[in-house]
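The structure's right below; bear with me while I get my questions together.
Read from first to last, the chains carry the letters A, B, C, D, E, F, G and H; within each, the first residue is number 1.
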Amino acid sequence: MIIGNDEKLLMIGDSITDCERARPIGESRFGGGTGKGYVAQVEALLHTRYPERNIRVVNMGISGNTVRDLKARWQTDVVELKPDWLSIMIGINDVWRQFDSPTIPEAHVYIEEYEATLDELVAATKPTVKGIVLMTPFYIEPNREDAMRATMDQYGAVVQQLAAKHGARFVDTQAAFDRVMRHLYPATLAWDRVHPVLSGHMTIAKAFLDEIGFEWD
Amino acid sequence: MIIGNDEKLLMIGDSITDCERARPIGESRFGGGTGKGYVAQVEALLHTRYPERNIRVVNMGISGNTVRDLKARWQTDVVELKPDWLSIMIGINDVWRQFDSPTIPEAHVYIEEYEATLDELVAATKPTVKGIVLMTPFYIEPNREDAMRATMDQYGAVVQQLAAKHGARFVDTQAAFDRVMRHLYPATLAWDRVHPVLSGHMTIAKAFLDEIGFEWD
Amino acid sequence: MIIGNDEKLLMIGDSITDCERARPIGESRFGGGTGKGYVAQVEALLHTRYPERNIRVVNMGISGNTVRDLKARWQTDVVELKPDWLSIMIGINDVWRQFDSPTIPEAHVYIEEYEATLDELVAATKPTVKGIVLMTPFYIEPNREDAMRATMDQYGAVVQQLAAKHGARFVDTQAAFDRVMRHLYPATLAWDRVHPVLSGHMTIAKAFLDEIGFEWD
Amino acid sequence: MIIGNDEKLLMIGDSITDCERARPIGESRFGGGTGKGYVAQVEALLHTRYPERNIRVVNMGISGNTVRDLKARWQTDVVELKPDWLSIMIGINDVWRQFDSPTIPEAHVYIEEYEATLDELVAATKPTVKGIVLMTPFYIEPNREDAMRATMDQYGAVVQQLAAKHGARFVDTQAAFDRVMRHLYPATLAWDRVHPVLSGHMTIAKAFLDEIGFEWD
Amino acid sequence: MIIGNDEKLLMIGDSITDCERARPIGESRFGGGTGKGYVAQVEALLHTRYPERNIRVVNMGISGNTVRDLKARWQTDVVELKPDWLSIMIGINDVWRQFDSPTIPEAHVYIEEYEATLDELVAATKPTVKGIVLMTPFYIEPNREDAMRATMDQYGAVVQQLAAKHGARFVDTQAAFDRVMRHLYPATLAWDRVHPVLSGHMTIAKAFLDEIGFEWD
Amino acid sequence: MIIGNDEKLLMIGDSITDCERARPIGESRFGGGTGKGYVAQVEALLHTRYPERNIRVVNMGISGNTVRDLKARWQTDVVELKPDWLSIMIGINDVWRQFDSPTIPEAHVYIEEYEATLDELVAATKPTVKGIVLMTPFYIEPNREDAMRATMDQYGAVVQQLAAKHGARFVDTQAAFDRVMRHLYPATLAWDRVHPVLSGHMTIAKAFLDEIGFEWD
Amino acid sequence: MIIGNDEKLLMIGDSITDCERARPIGESRFGGGTGKGYVAQVEALLHTRYPERNIRVVNMGISGNTVRDLKARWQTDVVELKPDWLSIMIGINDVWRQFDSPTIPEAHVYIEEYEATLDELVAATKPTVKGIVLMTPFYIEPNREDAMRATMDQYGAVVQQLAAKHGARFVDTQAAFDRVMRHLYPATLAWDRVHPVLSGHMTIAKAFLDEIGFEWD
Amino acid sequence: MIIGNDEKLLMIGDSITDCERARPIGESRFGGGTGKGYVAQVEALLHTRYPERNIRVVNMGISGNTVRDLKARWQTDVVELKPDWLSIMIGINDVWRQFDSPTIPEAHVYIEEYEATLDELVAATKPTVKGIVLMTPFYIEPNREDAMRATMDQYGAVVQQLAAKHGARFVDTQAAFDRVMRHLYPATLAWDRVHPVLSGHMTIAKAFLDEIGFEWD
């Protein structure tokens, strides 16, 4: 497993990451500071499996964020916290607003802006950390012809390309959900096909952990 | 993994199990019904890893319960729910009351009553289910000379003996915590050395899953 | 418009109908008693357009209901309230539970039970009222290949057949939503493809009003 | 219907308009942002009937406002939001304070100030929008000899004159309520003869929609 | 002043009387038990002016009550409390429901039932008390041609006739409000022309006190 | 009665005056703005008895205030509000802190500071108003030998002397309570011998009204 | 100190005893069960000074109780709890109601009933316990001529006589407060001369502890 | 007892001291301002035993504080309040964070910083007060081999050395708890071995009072 002794992992994103994390910094004594979602699950599995490594997990997700919002708070919420490892999962709101708020165009973040901004953030941060993990946004809808799913897949492809370009680690959360959706209808996993129940968060957590070399036994 | 398609796993216990589960039955649509502790983690890991098995997890823990309380509600909370698999983790309050409430003797459940009652419940239920998993109570205190830890270990030994006697599966949660405590001080894991943070719950969940044959990959 | 002077219209259903209506009877002085959904919109449009008719609208929806639940409360919630006109929109939960709660089979109401129960209720009530309006359940998902949409369409077909059989009026709410969805993605209309925003409720209200002969001018 | 594709309609006014709208801007994802009154009803009917037009409705009403208050926030709440269409319904509080607060003269906005201010706002804004809809204030009291009703009618006449002067569209909400009050006593429509129940809001919504060419079928 | 040493005055009625009185009996140590309306004002003026008489005031008003409701609770709320003096002010809701709830006829208490019921209650109670004070219902609307005001006046006339028939004391609260309304518009006195501000309650209190011989000096 | 048409009466003081008045100015539409104590009672009796005078009553009391606090807010809370008539009742806290907080000397306002400050405020304000009413502080304790009562009487004597010096009207609230206490034990009037029940507030209101020439009939 | 190993002390009374104790039995794990008043202070001092004795303290006070109320719940709240030692402090409300509620005679418990009832309770219970401690009621008013203080002293004398008659231990709480009041004004000790601040509770606790032989060192 | 007439005792520390004290200054009229812990108990015992001394007790504890936090607020929270006597109990959080938050090193206050800072504060303040009482931090864990207990003992030794160096009075709270723990298991005294129940607070209070010469009799 790639995260070493006393290293800090900072995970940033939107509401999927946030999940009621502590403010202003997403950590706390006696637990709960990393929220109730996949970040907390990652932390729990790391602490249980590697208690000797004393790994610090910090959740900096904020609900509703797009990549445009990440850029605006990058200095205070990433750079100044000096992580050793950084994970980024962003893009769901960038796409969703195009579909749930068609009358509010200023809330849409189109794919050019998405790619350019994410590219800029990764490029600037890569030299300062031991590693970056780029995670795709996802949509818990199995029909790839669905308009929003199709758009989300395009944003996911951008993430994959940027990971390759920058030598970042890559987690395909959409593929992870696709595997589960072969057996479960989306309504079992998420009220709105976006915010998963704990089982869905665990799907994300497992995909992340597999990428960083976590071993159950 | 021993739990098969469409089978129901019922997990009963005290506050460690309860963790704000749904009432009167600890399950619900769209998640959350199994609470926020190890039961929910077990469910999330099972659903993520084995989505095709459609496993039903039901949490019937109640905070503050001793084995005496389990007996009083066994008919409605276990028998009538017809589980395929049953896990029992009880005994912490049976012991704790002897140490935190020395002036209230009627709240103490001594080891003879503990053993006899648990024996009776397991014996009566064993024939009706596919399997029972007996989990020890635990105390997040590394000093085996500590009075309460020493007593808890005696109760844990009873659980181990009963598992052997009835051919039940056995999970040594105390041993699991002991492994973690080689690296972490108790205050990192639990405010009161009893109610763990999410990492501690994951330690329990992992011990349980390992016993039932869960495979990460 | 078919509802005459001083006549009472009772609308029954599930959460789409309920929408925070008054308890135990869904009406009240000074408004609000018919909830915040399509029933309230129907009432407001009838009162505005036909103030001289003094029409009484009563909302008897209850969130989460299936046709099985309607049957259980039919005597107190329909028969004893002696409506002149009755509308029924039920079936969404009958179907939804099959898809969001695959581990809880006792919550599923399959199509045979659905048809038999609805048939029985309509047959028993038809002679006591001036008219019954049967409304299809719906799913705000444009992909007819989607598993839940396909099932919902089967239930909708049952409603249409029963309307024909009993000479009841028929409202195809699914068709009404399909027309809107030619232009709007589901996420614009409903967080979960089931509970619509006010615009979606108005789509239902308009479909109902058109069937009963409402004239805007 | 005069509002075209992707155009924005901004509706401003007092508590009749406000109705718990979102702050600071009266719109939102997934509905509710335009409040619970006539603005929300207008939006719902437009979206249902003309889903292809993608019309944006924004509610900028604030409870308790007089025309003096509108002037103070005109720049931020109207001009900077760049509406295509603008509706204004103001004057109820200008009049009401003269009758419910006789000891507080600084809260009274007399007719000269009312006319001059509204004239100024309309004149300044007319060139920047595709159209303005001026709506009269109203009082749900059928007795035209009633002191407050008589005064409200004078303010309504000012609105009609300004509409003619500036070539704005004109909605006579008082006339719409008078038609309903031929059949319904005021207490049925509004607790205080000012804040209507949903049926009363629909009376306003219908009067507005009729003026802008809405067609039900 | 007619109320003597250590005598008990019980005042019953609807929301105008109730005003958040104590439950189940409307009195309490350290004040507040008689509510916040005219009953509390009567009590305060009696205690201030006649402290030596030790008069007991009990408020048994209940919001929303009609004379039909008074009859249903007369035994427990009047007879068993054994008052020396009894005041009754009822009828506003009997009339109001006819005007604000035209679709709910079972909530209307028409004048025949009103007269017969009040007559019966007064006749049965007169022999057991030192005196009864009958107070008219009122409507804070100066226009006697208004439909609800005209009806309220008819109910007030019934009260006056019953007072004469039974030799009860009579308080014309409508006349008291009419005197104030020569100078104040209804909106100054009551949000809804029914529930007065403190000044309106004092108008009722003064009318009552004048009838029972209260002297300021 | 000395307050004329359209004149404003401002009443300032401590918690006895405050009584949950509106902030920042103690008046409001539809009542309640003058609080729940003697100010509201004065207002209600003036409006009921002299509705034609359109008298404006404003409550500027603040709980816990001493004369030192009044001085600090005199400009904004009295001068800038331009009253025609001004009443001042202050001093209870100036004395009380000496007896309930013996260890906190900075909270004590001794009689020299009390007299000098009140003198200064009255002198500065007298020329700008039609009249000032000085009301004594009081203590609802009949035993004049009681240490706190004896001190309060000294402060009351200061008020009387200042009233004479400046030609202000004078209200002896202590004397008013003494008359009531000939018949009622203090515990009937006030939980703490300071904050009276409504009957005690009416005792203050009546003493004030008698001084300004109020006539009941 | 007279309370021995593993013995139970039950303290019963009114609001002075109650102080937010646990329900239905006034004890709890981890403290707080004995409330926030003198009972909790007695418990804390006993546990600190005599930790080896394992003394059980149970608070059964109920706010507002008179001796009449104690009698009504004696069986469940004293007898069935089988205390070794019993303290009773009752009578404040028996007296207070005569002074704060002169119009409510049914709430007064006069001295004959007080003496007879307390006599009966002590006589019946004496044989079943190791000892009874009778504590006088008190009034934090130094003036012995005060009407309520004078009455309270009579009730206190009854307690002293009954203690002598039955051979119970006797605590003169009034005398303890009198000693403090030589230096502190009542307002320092209690808002209402009845419910003391923590310092006043400690005065009671110390008087009790001195009687049972508590030694600080 | 060393605290004389009208002198002020200021007690500063962390959550053990704080205990819901008043803000911004930990004192208040009518009690409660010094919180619910040992400070309030000290105050209550001093007032009860030495009412004639009029001692002022002020609680300036703040939950979570380390000695680093004390230094940051020393000027406003100690110096400017001009105490005659000062007690300091700090260090629990300095140690605890090292054990409950191993991943957050910036929250750890190691022993060199602890000693230097406390030394500086005592040295600077000693000349301005009549006396300083230094109290050790404590850990309610009897096993001196326990890692956190062992560390806490080192910090306690620092306190003892500084007391000797500066001639301050010294209270060994750890020793006081050790005496109690000979008979009581830690869980009886504190949920988390840090925040004691009232009995544990009394153990601290007694240790403090014994050091300052308090005499029970």
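Just so we're on the same page, a contact is a pair of C-beta atoms (placed from the backbone, for glycine too) under 8 Å apart; a residue touches a chain by one contact, two chains touch by 3 or more.
Every value quoted in this text rests on a predicted model; they were computed, and no experiment measured them.
Between subunit C and subunit G, the least number of touching-chain steps is 2. Common neighbours of subunit E and subunit G, by the contact definition above: F. Between the two copies, subunit B and subunit C, the C-alpha superposition involves a rotation of 90 degrees in steps of 5. Chain geometry summary: the mean Cα position of subunit A and that of subunit B are 32 Å apart. One inter-chain figure worth recording: subunit A and subunit H are separated by 45 Å, centre to centre, where each centre is the mean of the chain's CA atoms. Centroid to centroid, with C-alpha atoms defining each point, subunit F and subunit G lie 40 Å apart. The residues of subunit B that reach two or more other chains are 30, 54, 100-102, 184, 191, listed in rising order. This structure has the following touching chain pairs: A-B, A-C, A-D, A-H, B-C, B-G, B-H, C-D, C-E, D-E, D-F, E-F, E-G, F-G, F-H, G-H.
Touching subunit B in their complex are the following residues of subunit C: 97, 100-104. Residues 30-32, 36, 40-41, 43-45, 47-49, 51-52, 54, 179-180, 182-184, 191, 197-199, 201-203, 206, 215-217 of subunit D are the ones touching subunit C in the complex.
On the subunit E side of its complex with subunit G, the touching residues are 6, 8, 27, 29-30, 54-57. Residues of subunit G that touch subunit F in their complex: 96, 99-102, 143, 145-148, 184-185, 187-188, 191-192.
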